[in-house]
Every structure is written in structure tokens, then in C-alpha cells.
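Worksheet: one structure, shown below.
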Amino acid sequence: MIGFQPSDLAQLSPFLVLTAAAVVMLLAELFHVFRLRLLFGISGTAAAWLFLLRNARPQDAAFRGMIFLDGQSLVFGSIILAALMISLLLGDKQHAAQGVTSGVEVEVLQILSAVGALVMVSTANLLMLFLGFELMSLCVYILTGLARKERASAEGALKYFILGSFSSAFLLYGVVLIYGACGSLQLAEISSRVPADNLLILTALGLFIFGFGFKVSLAPFHVWTPDVYQGAPAAITAFMAAVVKIAAFGAFARVLFGAFLPLASSWIKLLWVLSVLTMLIGNLAALRQQSVKRMLAYSSIAHAGYVAIGLVSGVQGSGYASSAFYLLVYSFMTLGAFGAVLAAQAGSDAQYDRDKIDSLAGLGWSAPFIGVVLSISLLSLAGLPPLGGFFAKFFVFRTAMESGYTGLVIIAALNSVLGLYYYLRIMVVMYFGRSHEVRTVSAPKVPAASCVGLAAAGFLVLYLGISAGHWLEVLGNTLRW
Amino acid sequence: MTVTAFSLAVGLVLFLLGALGVLVRRNVLIVLMCLELMLNGANLSFVALAQAFGDLAGQVFVFFILAIAAAEAAVGLAIVLCVFRNYRTVDVNEAASLHG
Amino acid sequence: MEAAIVILGVLITVCACGVVFSRQSLHSALWLVAVLFLAGAYFAVLDAGFLAVVQVLIYAGAIVILMVFVIMLLGADAGAVKSVFRLPAYLGGALGGMLAGVLIVFALSGAKVELAPVKGSGLGGGTAEELGRELFGRYLFAFETIGVLLFAALLGAVILAAEQKRPLTPGRGLRAVQEVRKAEIKENVD
Amino acid sequence: MNYGELNQWFLREQQWALLLILAAPLAGALFSYCTISLGPRRQMLAGWIAVCAAFVSFAVSVCFWLFLDWSAEGGAANSGVFLFPWIAAGGLHLDAALKLDSLSLTMILTVTGVGTLIHLYAIGYMAHDHSKPRFFSYFNLFLFFMLLLVLADNLGLMFVGWEGVGLCSYLLIGFWHQQMPNARAGQKAFVVNRIGDAGFLLGMFLLAAEVGSLDFDAVQDQIAYLNPWAIEAACMLLLLGAVGKSAQIPLFVWLPDAMAGPTPVSALIHAATMVTAGVYMIVRLSPLYNAAPAVQFIILALGSLTALLAASIALVQYDIKKVLAYSTVSQLGYMFMALGAGAYSYAMFHLVTHAFFKGLLFMAAGAVITGCRHEQDMRRFGGLWSPMWGTFIAYLAGTYAIAGLPLGSGAYSKEAILWAVYTAPDTAAGLTLFNLVSWGGLFWGIGLAVAFLTACYMTRSLVLTFFGSYRGEGEASESSATMLVAMAVLIPPAMFFGHSRGIPLLESLRPWARQDLLLSQSELMRDDLYRALEHIALFAAGAGVVLMLLAYSIGRGFMMRLGNCIPERINPLCCKWWVDELYEYLIVRPLAFTARVLFFAVDRKLIDRSIDLSAEIAGASGQMLGLLHTGRIGHYLLIMLAGLFFGAAFWLVF
Amino acid sequence: MPFDIDLAGSLLTVLVGLPLAGALIVFLMPQSRENAAQWVAVSFSLAELCLGVLLLVRFQAYLPGYQFTQHIDWMPELGIAYRVGVDGLSVLLIVLTSLLSALVVIAAPSVREKRGAYLGCLLFLEAGMVGVFCALDLVLFYVFWEAMLIPMYLLIGIWGGERRVYAALKFVLFTAIGSLLMLAAIIYLGYRYEQQFGMPSFYLSDWSALQLGLREEVLLFGAFALAFAIKIPVVPLHSWLPDAHVEAPAGGSVILAGVLLKMGLYGLIRFCVPVFPEACAGAGPLFVVLGVIGIVFGALVAWVQDDVKKLVAYSSISHLGFCVLGFGVFNVWGLKGAMLQMLNHGISTGALFFLVGVLYDRAHSRRIADFGGLAQKMPLFAFVFLSVSLSSIALPLTNGFVGEFLILFGAYRFQPYAAVAAVSGVVLGAVYMLSAYRRLMFGDFMAPNGAQIHDLNRREKIVFVPLLALVLVIGVYPQPVLDLLRLPAQQTISQLSTEGRNPPEVNILGDEERIIEKGRN
């Protein structure tokens, strides 16, 4: 009974490598090779990605369907690993300044969380999905609270934990209902057995939307997001905003398209409303925020709404691919934005003060590099061409048009104007102050790794804009495996 | 009413009571306990379904939920400690410096 | 069997109410122990003997003890919650009403509640052996994952909960883990 | 080279000559401006450059007059040059092309002749000014635009000159721009002219749309095929332009203010040449106007009313230049009367004589003003005949001519116009007034009254300025030689040009002139009606002169009382019939008010505010949403659950 | 020569890329090396100007269609391509852009703070503007259209006046509202094209084959027209303009008025007309009305301004009203006039903003009431100001007249009352422009305390000479420019459905040509 084939091992390799990297990092700390931890983290992540790339096969399942390294896992897994890598780079040597009082555990927990995320997007079994979900979530709860001396950090962790556990309990109950109605935990089997008018299934669908909606912060399940993003140390916020959201969206999409496709007419309308609500609430609430991280949190909520448009139109059109592309670009631009904020905060002391938008005054002049990366990220988030964010929106809008959701596109387009306002507000602070009027922040000392991370994020945002069509096609083809 | 249906009902009641507790209680420790109640409700339903279907998957799931519950409890309690150190309270509503 | 189930069901419900509505957190914890024990019994009745044991071991033995420990640790302060219930009753009522309304409309909408058809002959029950086979066969990867999860939770719980006295030094975190692990490892499933 | 060869050579090269007429003043303008880099003494060079440029134009014009055969039967000579297509779009072609026929030759001779003299005069007048280069440059530029206006072969190019002279007028009125009133007067002139120009533009559009071209020849050829309504409309619109430029009711208000400019400017631009451009334009389009009798009637009425109104105001002015300015308006009214009566050649006749004597008068007035240290108030003059007898003679000659006293040139042109008006066909209105007087009779009566008034106010100004005792401060002194020479040269034509009893050059107008006016001199003298009217007019003028002489010698006390019995404040004459005030309250203020309302109420309050408000609303709703995020876990749980329930409800409903 | 062939093929790309490269170089230079940055920027912008002139020279005005076209697949699977090409109108606007940019770069030393970044923004902006004028693919167009926003936003926001933040945000948001709706419309059209022809394309020439339902067409046209109308700006949507102009630095205002405002009308002519002919033709009267409202409104409001920059800004609204009017009448005169007026407005209003900048440099004030009698101390300045004002109020022999004349004539042919109403703008133009000129230049000398009033310096003279020359040359001999515009105007008209309106380019009366010929001989 026990026994797996070597091919199973190949399928497992990304997870094993990544976990091994985490363990090695811990051991490295134990043996005081503290300096090398970044090297281990990055190389482990890179190795995991290489294994993922090598071993991903069309419709290849290991462990009797517990793990799929198929196109979807390859796409979302790659984004997750890339985001992980950048966020490791960004956070290097910055954690202490953020009030994080532990050693290598921050990186280890990020990697383990990424393992959970990877599991989430590469399984077709609800049990594995839930396990990955919990692994990722628990790590992120802890990460949020790591700045233990900061009240905000602990508060954020508590909120995230209670609300997150609550929502995952609902998700779990949804799994129960599905198990009850279909007698299986495999998505493919569920899809083939799903009865159209079974109350259990419909309720389960609702609970799934609740659970995943919470993780990707679709309104009204988004309420935790601003508090947690604001409370968490900036490096962790960047990680959360990128990895957690990608994984949750990846898994959500897999469940929606893998299991609930026969019920599409039920959830499309609902997702339509949720996406409109999410964009509106996210963008409107961000308008007058004074805290950078909170503003970016609301912005990330709004972006979830845009991604959801892709899911809405994914049933008929190529929305899945455009959503994936959106997530790809989104992860880099949000990493760039949070990473730049993180780098800018390196100089100042108190968390509350440095969290204010005004604390970025004159940053564009005193630290041109950070300013440029932040500007690129913000402009891309705002959807200005030729950056990646523009084409991400473009593709999402296009697929929505193809599926006939013109109204949704118009709402989304007008929402972008709101978005433009608050993104530009940050640039106002960064650049528009007269040098004699504002207290320009002194140029923060940014570690080299962080610079590399920022440069990578900025470059990728730009590159993905210029070669957007190519990557959309690549993603589309890969997802169709 | 069959055994399965009754068990599912008990599971639902446990789950809902847990949810209600999370909603209405102020003490964060009790909230944690209520979360456990919710998980137990799900567990009970899984076991009942596993029995009805004659499928071990449900039981295996429960096994994993038990482990997750343990992990969640540990992490949750650690977070509660953290919050208590910062706010000197276990009232979930007191920790509300982040808002707006 | 039916009788046992009915009794257990009613008892579980009563105890759960006890958890939710007790004024003191310690009382809640005790009610929780009762719920967990009863649930264990329920599992046993539903042919899940191994799970029943694990339930009692982990929950009653580990989790609740941990909670009681924390309650004790926080001591008198924990009692200083201003009032027991966070929400006014009418809000709870409104929520309940909404839930009822949704359920009624659901019921009227003509949707059925239907379980999946039973596949085969019922398994003899979840003995340790059967479950073990599953866990180390089909669910091996899940089992590995849960190990990672527990490891992560452990690591996290330790660094979050440990008193911070010394300034951060490299390598300190893992040593703390080792210390705590020695104390707690017995309480965990291995 | 004998005369014949010279003639041949000129005829061969006439296109270049035509260009030279234009090019000389343009080059003069450029070169005289260039002297700005010289020292202040040498800047006087600018004046001489300008004079030379003007004289070159004049000389070439004279050559054209001499060398071309202007009296050939069956087709008068003309000369033209096509330079380049200016604007060509969609079948509409405006070319930069010049055309010289007898009409424009008359005009350019007048313009360049009087122009040269006034340039010469200006050298003396501006001798002590510090911005001579600028002045003479503008002055020459004006000449260029005026000649362009006259020589243009289509309405479009004429409009270039038309606006160009307006520009120069603006620049020169406000020449001493340190004084704000001067600048204001310049602006007023430009803006009022622009109103007329707007009409001109629309008239052009109408013609271009109906005819398909703006060439004068093309328009002329097409008249027979045009819709009568279109002709009348076009004439009306172009009339608006003419009314603006030639200071007729209702747009005459700018001309008196234009006296703020240096006196040579008033002489050249606001008396002799530019203001007659409207008259010239209508004469140029006389075939068109002949086909629009209703418009002709309007011109007649406007002209006579303007003449009367302006003459009445001139009667009480104390500023010597203002008297002359109103006189100009009044005389332009005469020209319009002639146009209205269809007597185009008489209009041109009066235009030329007026250019001479009004130019002379202004020059003399300028000499008086410089002689009295820039005093313009006639109450501070008096007895100036002895210290500045040269000027006195010039002014006397001018007054004699304009007053219409026997043998003065004004008498001939004015009487001809009065006769033409009297005999004007009534086709225009179709009615006689109460069946008693014909319209022609009525307007003749007005014209007669104006002749009387003209004599009155001119005599008054002469008496007040040159007779009696000197009332000013300091010594009055005679002006410089150049000024005197310029005046001296102009005295003979001003006095005696009228003896030609018309202008022999206007053959090109013959086909469109009223046939009953085409009498030769001898025939005219035999016409009883003409002689009767002539005598009446002479009598009226003489009466005016005598009356004023009496009033200011014996009846001085009576005049004082007469002046005092109506306070100036409510005296319609002193208040210029309140026309300025009327415009101020009826047009300017309401317009300014509208502008303010548009800016403060509509633009700022309504549009801007509503935009800001919508931004505010978005921001405020964002803040409201912020209130939703209370930071309390309980509320968050509730919101999420409510979301779940509402989702379920939504799913059920839709 | 092989070089020539290559050049013709990629001249436009070079035109877009050159300033971009310049911008990158300038951005990467250290902030302290401002003079070096200045030299680099000047040389790049002059090179760009030379290439622009080369384009003008090599452009063949009598050939229909687009020239210098280049096609590189960008996102072939989506039908998005890098397609550029120019016709007469775009050539003119590109030359105008490169000229004004070069002048602004030359005049940049008057910017005291962060000049390197200022120059970089200018060059970046120039690349975007040139791109807008040569893009033939709608997505490419949109990319340039939006990419241009940011440098302009920075120019206003960083080097602007007191309320620069408000103005900059207002500018961007206003434009963005329109352009995002336009983006939605572009995407929809791309989708419809793919639906109808089975393959995706965003190429303008492909799109003219689209079959759209009437309601669909009107709505899509509305989205496009809104974006362009905001940019023009048409009157109720103009609110961003005065603020942006007042707050922008002189160079920014020059570019904003000189080039950016043209893009709205350019977009209407280039994109709306071929894709939505019916809707365009239907909306003609609306544009006429809006144009007339703009003319009168802008002129009246300009009259009561106390800030000279605001006055020029509102005068721009009035002038652009003329352009809109010329566009809306859809006959050859109006269109030619509108196109020419776009160029003219760029020259004259650009020069006016330069002049205001000169004044602001010396006195740090723009309030008209603060000044008086400047003509005494700054005669050359007064002369230039007057010449430019005259061009702006369309005095004959200046460029402004030719454009306004054609527009008004076109309006007259369309509807005489429209011309009557619009002609009031001619009068009001004189009113506000001359009264501002009088208040600034005439009377007793007056300037704010601490003002260093001196006449134009050498750099400023260099800036004004080409502008004045163009004012005069186009005014006196506009024919070459009109020749360039002949085909674009004709093409625009032939794209519109012509039932019931003036047939284009047909002689007004059959045999007029003869008379005209005779008149010429």
C-alpha cells in the first residue's frame, strides 16, 4: 500500500526543495552561518521553480490526484515563487527596522507559507486544498504578529487570526457539505456529480465564496485587509498582498472552474456584484487614507475586484488567462510598491509616523531609485500604459467585453479614475513638495538585496507591459494544458 | 430521521453555536474555544458522512482537522499572549487601534 | 445505537451552550472538555474508534490544557472583560432572523437537500490500521504537509509567545524552539 | 530718353511700378524703424526716410496718372498685378492681386499726395518726440495698408488693408501710451472698428457663398444672377463695415476719441484717408449697391443723420481737434448721403476735397497746438493770427473751403451732393413723407442745415482761435518750416480743387452712375434746379459765417448767456447726445456683467464647484466607508456574515 | 541611397525614439550637472526638430493615404501592432511639436529648481506627443495618449505654482475619465472587429470597415468624443484647463496649449470620423453649437480675468471653440480652417505663454493689476506681445486670420447664423486681448516690488524669432500649409456620409472657376 513511484517524487520535488530550504535556513542559523540565509532562501526558491518548471506536465497527477503539477499549478506556482523570491530580497536586513524581533524565522515562515500556497494551487483534492490553505494562513497569521513590540502588529495578527479562522471554518463546513452531496473530495469527481438544484451544493458554493472571498479580500469579506496590512510589518504586507492573494485566487479559480462549472450561472451573477462592490469600496475608501500601507491595502482590495472580473468572464471567454496575467502583474507591482515603502521607511523610527503618506515627502528627490520604482509600481497599479498594469486591465476588460459584460467594464474603467487619484497622491507627496517647504526624508540606506528586489519588480512591471501579449498567450496556453 | 441526518444536525448545531459564540463573546479565549466548537461541528458531520458512505476519506479529513485545530490553538494562544502583552486585555474589541 | 446517539447529541448541544454562554472562561473551558469527550464518544459510536481516541488525546489532553494554562497565565486580568457579551441581543436576534429567513426562502425555492448515494458496503470502522493505511498510502503527501504545518505553527507560536528579554541575536530563535520543544513534544501527535 | 520712350518703358514695367507703390512705404516702415538703433539726434532720419517712401509712392502714382490713358472711350485703362494665391480652399480663391483703375488711382493720388505732405509736416510736429522711429514706421506702415486697401483686387485683400489701417490707427492713437486715456482711445477705435469688420467679414462670406469669388470683377459680373435678397443682405453687412471705418451712426463714437493721437495722425488717418475707406469700399462696390435700393436709402438716412448730429455737437466743442473731428464725421455723413443718392462720383469728389481741406485744417490746428505748448482748448487761444500768421492763413483757407463759401472747393463738392440728394429717386422708400415732401427733399433739407452748421462751427473755431485776445499762458510761436511748407503746398488744392467740378478720372464709374447726374459742367450750369440749389446752399453757408462772426463780435455776452442757460450737464450738445453713455449702459456694462456672471457664477460656481463637489462626494463616501471599518472584530464578523446572507438573498432574488 | 530608404521606413520611429533616448540620458545624469543636461536636451530637441523638418520636406502632399508608414507586430495574437504613419495634418502637428519642444527646452534655464528632471520630463513628453500624432493603431495611440499624461502631470506638479497639486490632479483625472471610457470603447471595437472579421485588429484603416448598429455607434462615438472633448476642451468640460495653465510652469503651459489641446481635435479627425462616420455627421450640429458657445464663453470670461495667464487660458478655450466649430461644419473650408487653426493656435498661444513666462520670471506675478506701462521698459517685449496678440485675434497677414477666415466661411456655408454668432468672437477677442495689452503695457510704469524688469535677453529672443516668423509667413503665404491639409480635409469629408450636406470640394457655382481664372489673368 505504501509506496510511491519515482515519478511521484518528481511531482513532489518543488515542495520538498522549498521545505528543505526552510529547514536549511533554520539550521544555518543554528550554526551561525547567518549571512548565507538569503542565499539559501533564494537558491531554494529558484531550485523549487526549476523543479516545478521541469516536472509540470499536462494533467499529471501524483498520489492519486492529491497533487497536480499541471498548467494551472505551473502558472500560479511560478508567480508565487517569483513573488516569494522578490519579497525575500526586499525584506533582507529590513525586518529588524520594522520591529520584527526574531531571526531567520521570518524568512522560514514566508517560505513555509509559500509551500502552503503552492500546495493550494497544485491540488485537485479538497483535503489537500484545505491543508495548504491552513498552512499558508497560519504562517501568515504568525508573520503578521512578528513585530511583537508594535501594538498594531499584534492587533493585526489577532484580527487576522480570528476572522481568518472563522472564515476557514466556514470553508471547512462548505467542504463537509460538498462531501455530503457528492461523496468525494476530488474536484473532477465533484464536477461530474454536482447536482444542479441541491441545496447542499449551493450552500457549499456560498461558503466557498465566503472562504476564498475572505482570503482574496472581495468585499464585503475584505474588512480585515486594511487593518492587517497596516498592522503587519511592511515586508510581510508585501508578501501577503502578493503570495496569499495569488494562491487564494489560483485555488478559487481551480475550484470554480474545476468543480462548480455546471453551476456557473449561479456564481457568475454573485461574483459580478462582488467584483463591483469590491472595486467601489476599495477605491473609494482608499481616497482619503493617510497611511500608505492602509491605502495600498484598499488598493489591493480594489485589484481583487479587477481580477474577479476575469473570473466572471472566464466561463465563456479567456478570462482565466487574463485573470492570471492580472495576478502576475499585480504581484510585481504590489511588491514594488510595498517594497519601496519598506525601503523608504528604513530611515525613520516610529511605526506610526513612518506609516503616514507625508513621511514620504521629497522621497523622489532624496532617493531617486526608490522614487522611480515606487512611481512605476503606482502608475502600473493605476493602469497607465505602457506598464503592465495597463495591459492587465486591458485584457481583463477585453475578456469581459467578449463575454458581454460591458457594464462591468464601464464601472471598472470609471473606478480606475478613482484609483488614479490616490496613487497619484503618493506621487504628489514624493515629488511635488518644494524643497524649502517640506522636511525631505534623508536618503534611507537600502540594502543591496532590497535594491535588487526593487529593480526586479520595477523591471518586470515594465517588461510585462511591453511584452504583455506574449505572456498572455503563454499563460493562456499553459492554463489550457 | 436516520442516524446520519441526526448526526449532521448535531454537527450543524455545534457549528452554529460555535459561530454564535465567536460573534457574541468578548473574551478572546472563549472565542478561541468557540472556533474549536465550529471545527468540531464539521468533524462530527464528516464522521457521520464517512459512516454513511462507508468511505474513509471523511475520517482521514477529521484526523487532519484535529491536527490543524491543535496548530490553530497554539498559534491563536500565542497571538492572544502577544495582544495581552500590548493591550493588557483579552477583550477582542479593545484591540481596535487600527481602523478607518 | 440510535438511543446512544440521541443522548450524546442532546448532551453535546447542552455542553456547547455551556461553552458559549458561560460567564467565566474557565467554565467555558470545562464545558469544552465535556463537549470534546462527548464528541469522542459520538465518533466511537459512528465506527470511528481511532478518531475517538485521538480526539480525546489531542483535544481534551492538549488543546484544552493549553487553554487552561493560558487562562491561568493571564490570571485575574482575563476576568476584567467589561461585559460578557459583545453584541446586543437584538443584533443576535436580527442575525438569527436573517438566517431563518434565508433558510425558509431556500426551502421554498424548491431546492432539495440530498446526500450522495452510498457507494459500497459500509466499512467496518476506522480502526487504527485502516486509517494508518490510508494515511500512509493515499494521504501520504497530506500527512507530510500536516507535519510542515505543525512545524510552522510550533515555530511561530514559540517566537510569538516567548518573552523577549535579550536583544536579537542570530541563532537565538531556534534555540528557544528547542527548549520549548522538549517540554511540549510529548503533547503533540507524532 | 524722351517722354514717349519713358512712357513706353513705364507701360512695360507698370506691374513693377504698381508693386513699388506698395513696397516703398513698407520698406520705409522697416527702415525708419531701424533707425531706432541710432542716436536720438539721428533718429530724425526716420522722418526723412518715411517722407521719401511716401513721395516715391506719390511719384509713381503720378506717373500712372500721366502715362496711362484714363479717358479712353469704351474702357478705361487699368493696370493689375497678380502676386500669388493667398488663400485657396474648396473653390474659394483669395489672391494677392492688385488692380489699378481710375477709382483707385484717384484714391492713391489723394492718399499719397496728402500723405507725403503730412509726413513732411510730421517731421516738424514730432521734432521733439523721443520715439520718432516708431512713429514714422507706423505712419509708413499705415500708408502701406491704406494703399493695399485701395489697390486690392478682391474684397479679401481689401480686408487686409482694412484691418491693417485699423491696426495702425490703434497704434498711432495710442502713440503716447504713457497716458492711459490715449491707450483707451486707441482700443476703443480698434474695437468699434472690429464690430464693423465683423459685418464686413459676414458680407464677404455671403458674397463668396453666392458668387463663389470675392474678386470685384467677378462680383460685378454676377450681380444680374444674384438673389436680390442676397444682394441687399451683403450690402447691409458690408455697410456695417463701412459705417465702422467711416464713423457713421451708430459706430461714430470712436473718431472723436481718436484725436488723442498726435495731430499728424489725426490729419492723415482720421481725416484725410482711413476714415474714407468705407466710402471708397462702397464706391468700389457701387454696382452691387445700385442693385440694393433699400440699402441705399439706409445709407442716405444714416449719412444725413450722422452729418446733422456731428455738426450739432461740433458747435459746442472747445477742443479744437474735437471740433475738427466732429466736422470730419459730419463731412463723412455728406459722403454717405452722396453714396445713398447713388452719386458715387460726387462722394469721391467730396472725399478728395475733404482730404485736402481737412488735412490742411488739422495741420493748422496742429501747428496752433504746438505753438501753444500742446494746448488744445480754444478758450485758451485767441488772437493767434499775428504770432502765427502762416498757420492762420492755412486755417482760414481750410475754413473757407469747408464752410462752402463761394469758389472754395467745399462749395462745389457739397453743392453737387445736395443736388444729387435732392434729385435722388424715391424708389428706395417708395413713399414720400406725408405726401408733402419727397425723401430727397427732406434729406436735402438736412444737408442744407448741416451746411449752415458747418459754416457756424468752423467760423466759431476760427474766431475763437485766431481773433480776439490771447487767453493762454506764455508766448505763442510759429511752427517749424517743414510744417509751414507742408501747409503751404496744400492750400491751393484745398482752396481751388473744387473748380474741376468733379474728378475726370472716374470714367470707370460711369456705367453705374445715375444717368441724370452725368451732366457736363456746362450742362450743369444750365440746369435751373442745380443753380437754385447752389444759391440756397451758398446762402446758408454765408449766413452761418456771418451769424457766428456777429455772435462772437457784438453778441459775445448773448453767447455767454446762451451757453449758461442750459447747464452743460444736461445740454444734449455738450453731452454729445449721450451716445457714449447710451452704449456704455446698453452694451458695454451688460456685456461686462454677463462676462462676470459667466465667470463667477457659471464657470467658478456652477461648473468648477460641481466638479469639486463630485470629488468631495467621492472622498466623503470613502470616509463613510472608512467608518464601516471600525477596527472591531465583532463588527467585521457581522459585516462578513451579513455579506453572506445578502449574497444568499441576492442569489435567491435574481 | 540605402540609408534613405531605411530612413523613410523608420523616420517616425526615430522621431519617437530620439526624445525618449534623450529623456533617459538626461534622467540618468546626476542632478548637479544641470548645464550638461541642458546641452544634451538642447541637442536632442534640435536634432528632433531637424528630423521633423526633414519629415516635412520629404512628405509628399499630393499623395493620398499615410506616408512613412511602419508596421511591426507587437501583440499579434491580439491584433495590436506598432503601426505608425502620417498624413499632412500629422506632419504639421509633429513639426509644431518638435518646434515648441525645442523652444521650451531652450528656454528651460529660467527654471531654477531641478532642471535636469524638468528637461527629462519635457523630452519624455515630446516622445509621447509625437507618438500620439503618428500612431495608427488604436492601442498604440492610447498608450502614447496616456503615457503623455504623466510627464505633464509632473511638469505641473513639480514646477507649478501655488495650487499646483490641485491643478495637476484635476488635469490628470479629468483626462483620465474621458480616456478610460475611450479605452472601454477601443476594447469593444476590437472585440467587434474580431467578431466580424474573425481576426483581431486595432488598425485604424481596418476599423473603417466595421459594421456597427446605430445605437452602438452613437454610444461608442460618445465615449471617444468625450475623451477628445475633454482634451480640446469643449466648454462645459473645460474646467481643468484654466487651473492647469495657471499653475503650470511657462514651458508646461506652452506645451499644454500648443500641442496637447490639439490632440482632442486631432483624435476626432483621425479616429472618430473614419470609424463612426454616421455618428460624426449627426453630431456635427452639436459640435457647431458647442464651438460657438466655447468661442463666446471663452472670450467673455477671458475679459474679466485678472491673471494674465488665466486670460490666455480662457482665450485658448475661445480659439479652440473656433476649431471645434470648423470641425463641426464638415465642409472643406471649416475642416481646413480648423486644422490650420490648430497649428496657428499652437504658435500664437505658445508664444503668449512664453511671454507670460518672461513676465513671471522677472516679476513673479501674473496679476494684470500689478503691472503697467511695461512698453516703456520692455519695448521689444511689448512688440512681440503685440504681434502675438494680433495673431491671436486674427488680424489679416497673421496666421490666425487665415484659419479663422476659413472656419467662419465654413460655418457660414453650414449655417449663416452660426457664423454670425461666431463672428462675435472676433470682436470680443479684440476686446479682451487689447484691454489686457493696454493694462499691461500702457499707462504709467508699474511693477511689483523687487521685480527685475529688463527687456528680452538673448535666449528669449531666440525663442521668439521662429514663432514670429511663422506668424508672419503663414499669415502672408499660407498656401503651402493649406496644400498639406488639402488631402486630409478631403479625406475626412469623403469619409462622412454626405447625403443632405454640402458636397465637398465642388465649386460653389459650376462656372465660377472661369471667372476666377479671368480675375487672375
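Observations on the model:
Labels A, B, C, D and E are assigned to the chains in the order they are written; within every chain, residues are numbered from 1.
One rule holds for everything that comes next: a contact is a pair of C-beta atoms (placed from the backbone, for glycine too) under 8 Å apart; a residue touches a chain by one contact, two chains touch by 3 or more.
The structure displayed is predicted, hence computed values, not measured ones.
The chains touching chain C as well as chain D are A, B. Chain pairs D-E and B-C differ in how many C-beta pairs they share in contact, with the greater number at B-C. Here the chain at the heart of the shown protein, by mean C-alpha position, is E.
Taking each chain's centre as the mean of its C-alpha atoms, the one that lies farthest from the centre of chain D is C. The mean-CA centres of chain A and chain B are about 26 angstrom from one another, to the nearest whole unit.
The mean-CA centres of chain C and chain E are about 70 angstrom from one another, to the nearest whole unit. Chain A and chain D have Cα centroids separated by 79 Å.
A separation of 43 Å divides the Cα centre of chain A from that of chain E. In chain B, the residues that reach two or more other chains under the touch definition are 18, 22-23, 49, 53, 55, 57, 60, 64, 68, 71-72, 75, 78-80, 82, 92-93, 95-100.
In chain E, the residues touching two or more other chains are 173.
Shown for chain D are the residues in touch with two or more other chains, namely 626, 629, 631, 633-634, 637-638, 641-642, 648. According to the touch criterion at the top of this document, the contacting chain pairs are A-B, A-C, A-D, A-E, B-C, B-D, C-D, D-E. Chain C makes touch with chain D in their complex at residues 86-87, 91, 95, 98-99, 101-102, 105-106, 109. Remark: chain E residues 31, 74-78, 80, 113-114, 139, 142-143, 146-147, 149-150, 153-154, 157-158, 164-165, 168-169, 172-173, 176-177, 180-181, 183-184, 187-188, 190-191 touch chain A in the complex. Residues of chain A that touch chain C in their complex: 1-4, 12, 15, 19, 26, 29-32, 34, 62-64, 66-67, 96, 101-105, 108-109, 112-113, 115-116, 119, 127-128, 131-132, 134-135, 138-139, 141-143, 145-146, 148-149, 157, 180-184, 193, 195, 197-200, 202-203. Listed in rising order, the residues of chain A touching chain D in the complex are 158-159, 162-163, 166-167, 170, 202, 206-207, 209-210, 214, 219-221, 223-224, 226-227, 266, 269-270, 273-274, 281, 284-289, 418. Interface of chain D with chain B (complex): residues 626-627, 629-634, 637-638, 641.
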